[in-house]
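Two complexes, one shared chain (subunit A), two partners (subunit B, subunit C).
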Partner chain A sequence: MNSNEAPLRTYLARKGWDGVTLLVVPAAALGIILFAYPCVYGLILSFTPKTGGIFASYAAFFKDPFLYQTMFKTLWIALPVTLFNLVISLPSALCVRLARRQRLLTTILVLPITLGTVLVAEGLLDYLGPEGWVNRVLLVLGIISVPMRLVHNYWGVFLSLVVTGFPFAFLLTLSYLSGLDRGLEKAASTLGAGPARRFLHIILPLILPGLAVTFCLCFVDAFSVFPSAVLLGAPAGATRVISIAAYNAAFEQFNYSLGSAIAILMGLVQLAIVSAVLAARRIIYNGPLTSGKG
Partner chain B sequence: MTIASRSFTELRLENVHCAFGPFKALDGISLSIARGEFVALLGPSGCGKSTALNCIAGLQSLTSGRLWLDQQRIDGLRPEQRGFGMVFQNYALFPHMSVRNNVAFGLKMKGVARDIAERKVNEALALVRLLDHKTKLPGRLSGGQQQRVAIARAIVVEPPLVLMDEPLSNLDAKLRLEMRGEIRRIHNLLGSTTIYVTHDHDEALSLADRVIVLRDGMIRQVGSPEELYFRPARPDVAGFMGYRNILPCKVLSVSGEHARVEVAGAVLAANIVQYVQGTAAVVAVRPEDLIPTADGAISAAVESVEFRGQDFYGVALTRDKFPLFFRSKRRVSNGEMVTFGAAEDRVLLYSADSST
Partner chain C sequence: MEKLAVGSRIWTTAIWTFLCFMVVNILGLIGTVVVNSFGTHWFDSWLPAGFTIRWYHAAWSEFQLTDLVTTTVEIVAAVVVISIVIGVPAAYAIARRDFVGKKIVLLLFILPLLIPPITYGIPLATVLYRSGLGGTMNGVIVANLVPSVPFVILMMIPFIEQIDPRVEAAARVFGAGTTRLLLYVLTPMLAPGILAAVLLTLVRTMSMFELSFLTSGPTSQTLVVALYYSVFAAGVRAGQSIDAMAVVYTVSTLVWVLLALRFINPAQIVGRAKT
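Presenting the complex of A and B:
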């Protein structure tokens, strides 16, 4: 019996299958049940509308400006927010990297991640509202004479996405920066490069691949915004994002096929942007961050 | 305010202190280095030699003290203003730039015209024999090649001072010997001033015009390689310079530079380096000067022997279990009783507490 068993086992082991492979099973099963199956189900659903041909749901989306404009509205929120988060997380990460109380600072900056989006939205509703602290302080300081409208419009959603998205962008950027060999900057400085040129010639090119990945993750997160677009935005107007359209179609008009089609299109837009960024990333240097063998 | 010219007469460290919290990495270093010199900072790890180099480069600020380049005080200048070339232990090559761009970086920062920069890069790469690898990324080079790129990058800007921080410690033994020769060759060829940090006394002795031995952030001895090799000033320096046998002894008589001492039950003639009469004394002897002879004075039992090509290296225990490191031309066997002798000028006498 042993003589038969051993060769099979070695054969499987050579192909990369052994006892450890079994550890993947729970994750793979969950992946299939929770992602692959709904995804395929949704895809099929989107091609089986109640009336019309197989592309009828997609056609309905692109025919109705109220529907297809949600895509641009979402991009109009998600792209600027993602860029903004990236641009402000880079200098903060550069500072924190050098700070002595890095732990404390990081904890404070990351705190918003632990708050749910709904909690943040509710909080911001008060804080940014006409009676909120921001407006009151600005009024008292005489910077404005009438309370600014910061909620139930574009800026409400924008700010809430900054609050929830920034820590994420910051953490990722910080981890990429910490991976940089400090010796490279020292070397650059002995070669005559001041802080600005060290950043431009050494730090930026080396963390650019990391920033690209950070951009993708943050973008995907911002593009699928839902709660804050409803709570802090104008869900019928400027911030009628694509996820609201999908929700409406599926759960208010009970047109599951249209809902699925919108969800699929949403995924395709995300995929397109992410692929574009990752393709651009391949052109720039993305090798190891140190060259030495030390 | 920057240092423009490579011509200076001397670099002076004036009572330089550098502390990290309670730890004093440099505890009052005063030193002057002349143009064209090759100076080695030698010491065990943690002695402050790298800190000293970083202080000179401007990568580490002084706690107190001054740095002078001739009449110009430079300790307030940032590294980019000092413009000293530096070669790092892990090379610190820019991984995203080709060999060419790595070497050209300093020239670009100085705003050197493109065609002149290109010519200088080619010259520097030719000097380190790497012209063929110009377009490669550093990650594709071997350790020795990376090391040479690092040297080319540091010297291409013709810095007044080249600082090297254990540049050979990541290379294998054979390459290390080769690169040692290269570094000295480049130094001579360019007539540059080099400060070289190392923990390897062989390296320091073979490369430098002058060796500065550091310990605990203080200078223990400054001297030519010959002085350090033949006459280390203190027992701790001797220990570091390859005098592995530092034996307590009793001084029997002193006359001028010479003394008779009793070591391990035997009487030896010794040369006095630094001895205050009446204090506890030690003698320092190199393993290669402790020669097994038939009529030797010190007898000891061989503990272990290893063969290293030219000689046998061994350890023997004296009667009071004190280990003696020795070399032998003939094979001795474990447990064998051997008697050792040593020439008078190779036995150095010190006061035991002169190490503090």
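Presenting the complex of A and C:
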């Protein structure tokens, strides 16, 4: 061992960098090369278009209604779906956490998430189609007289995002709820609080941070919808979402600069909504960031 | 008090009805695919006119399923093995050491799980195409490592924290180095956690559409990407034959999901990165 190495080693060890810590290096290197570097590269690429000034790609996006409208179309799908999934998963999770046999239900609900959006889209195409079981049941029940158009439009994408998004929101909410101390509710109950008051004053404040995180994860997922918007929606019209525009620019028109610019704008919108939700959470709720085992 | 009980019972019934409705729809949409893949001719009726398995023969040759399955298995196996080999030691370092820069390293691992793949997949695919990896099997493997290595790390940290550090101290006293400690002491103790991580990484890679789609070429498609292309070009081939392929994909994914569910809670599958 040479004399220069020893002090450096003790210095690093004092900072927590010893032989064991080095085990993190391969994974960190992978993260830097394959995640951080492409992100930075994409950012630079978006400011270096083939023609025009540094903002030309962004200008191209905001000048062309066919492009900038994708952002609003995506929001118009993602926000309602996220709210819907969250609003129904909270009471559902509240109900189910008391049930003894949740395993079968959670197993079935986890299927659409694990099978992925492509399979869900393929299934829904037949299932919701004019000859599918849904329209057939509605016709037999006399609710409708002609088959409803549920695919190749806004509702096809909306429903596919409910099928994959609701289980996701539900299982996350359920795991937050099961982390709550049941003693708190029992105490409130002993003191005379009814179900509504127990919910409003005990449960809600405790899981609000968890709900905010759930909202963010669900929104980010819904905002980056891609395969089902193409297969189940109208990819040239109502469901031309921002990820289609980004893909189209980068890999069909080979305008990598514009593609990267759209991907970055997509990330920025997600970041903006997520920060807004987390900031709102901080205003409403002041306390430890995670509740229970969270 | 009586009134309240009735009210909450209606409430509970309504919610269970809704949940059953969701379950029926999920089973219905999977059922449609399965039934259609076995049907001879399905039009204007509740069930197909007759049942056959010829669509599976058709799908097998039309989609060159042998090649597709081989490619998928190779890609998934490579991703799982590399993720475990890189991820578990990294998780060990993070669980056991406090070092300068730990927060930044953790952020580097959490972000790929929080940001949807299509957002970072576009710049990533651009970089891979520029470096010549795009469109190859190695490119697909490399792209899939981006979310799966952090996934293994974040999943293994709690498993490692549960192990008593004194066990490791004892091994060190008897002269085991870090490599031997990892191989002979920690790996056996972590076996259940590693098994769960293997299964979940496998399932996630099988069903990872976006990254495989963006980086794969004609010879490096996974099952889910080929399924997307065939649905996208629906009309070129019989719907039943596409559904037959969808069933092959579903079955080959579900086996691992159900196996994984024996070891872990369904909620853990979605708990990607609870921060």
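Heads up, the rule we're going with is that the second predicted complex is superposed on the first by the 269 of 294 C-alpha atoms of A that agree within 3 Å, B and C clash if a C-alpha of one lies under 4 Å from a C-alpha of the other, contacts with A are read in each partner's own complex, and residues count from 1 in each chain.
Rule of thumb we're sticking to: a residue touches a chain if its C-beta (ideal position, glycine included) is under 8 Å from a C-beta of that chain, and two chains touch if they have at least 3 such contacts.
Everything numeric here is computed off the predicted structure, so don't read it as measured data.
Student: Which of the two partners, first being subunit B and second being subunit C, lies in contact with A:G194: first, second, both, or neither?
Tutor: Both: A:G194 reaches subunit B and subunit C.
Student: If you stack the two complexes on chain A, which partner ends up touching A:L125: first (subunit B), second (subunit C), both, or neither?
Tutor: second
Student: For A:F168, decide between first (touching subunit B), second (touching subunit C), both and neither.
Tutor: second
Student: Is A:K186 contacted by the first partner subunit B, the second partner subunit C, both or neither?
Tutor: Once the two structures are laid over each other on A, A:K186 reaches subunit B alone.
Student: Going by the touch definition up top, name the partner, subunit B or subunit C, that contacts more of subunit A.
Tutor: C
Student: Touching A:L83, do we find subunit B (first), subunit C (second), both, or neither?
Tutor: It touches nothing on subunit B or subunit C.
Student: Under the contact definition given at the top, report the residues of subunit A touching subunit B in one complex and subunit C in the other.
Tutor: Residues common to the subunit A contacts of subunit C and of subunit B are 194, 290, 294, listed in rising order.
Student: Quick one: which bits of subunit B touch subunit A in the complex? Just the residue numbers, please.
Tutor: So the residues of subunit B touching subunit A come out as 57-59, 78-80, 82-86, 88-96, 105-106, 109-110, 137-139, 143, 146, 153-154, 157, 163, 170.
Student: Could you pull out which subunit A residues touch subunit B in their complex?
Tutor: 181, 183-184, 186-194, 197, 201-202, 205-206, 285, 287-294
Student: List the residues on subunit A that touch subunit C in their complex, please.
Tutor: 15-24, 26-28, 30-32, 34-39, 41-43, 45, 88, 91-92, 95-96, 103, 105-127, 131-134, 136, 163, 166-168, 171-172, 174-175, 178, 194-195, 213, 217, 220-221, 223-224, 226-227, 230-231, 243, 246-247, 250-251, 256, 259-260, 262-263, 266-267, 270, 290, 294
Student: Which residues of subunit C touch subunit A once you look at their complex with the stated criterion?
Tutor: Those in contact with subunit A are residues 4, 8, 11-12, 15-16, 18-19, 22-23, 25-30, 32-33, 36, 42-44, 46, 86-87, 89-90, 92-94, 96-100, 102, 105, 108-109, 111-112, 114-120, 122-127, 142-143, 145-146, 149-150, 153, 178, 203, 207-210, 213-214, 224, 227-228, 231-232, 234, 239, 242-243, 246, 249-250, 253-254, 257, 261, 265-272, 274-275.
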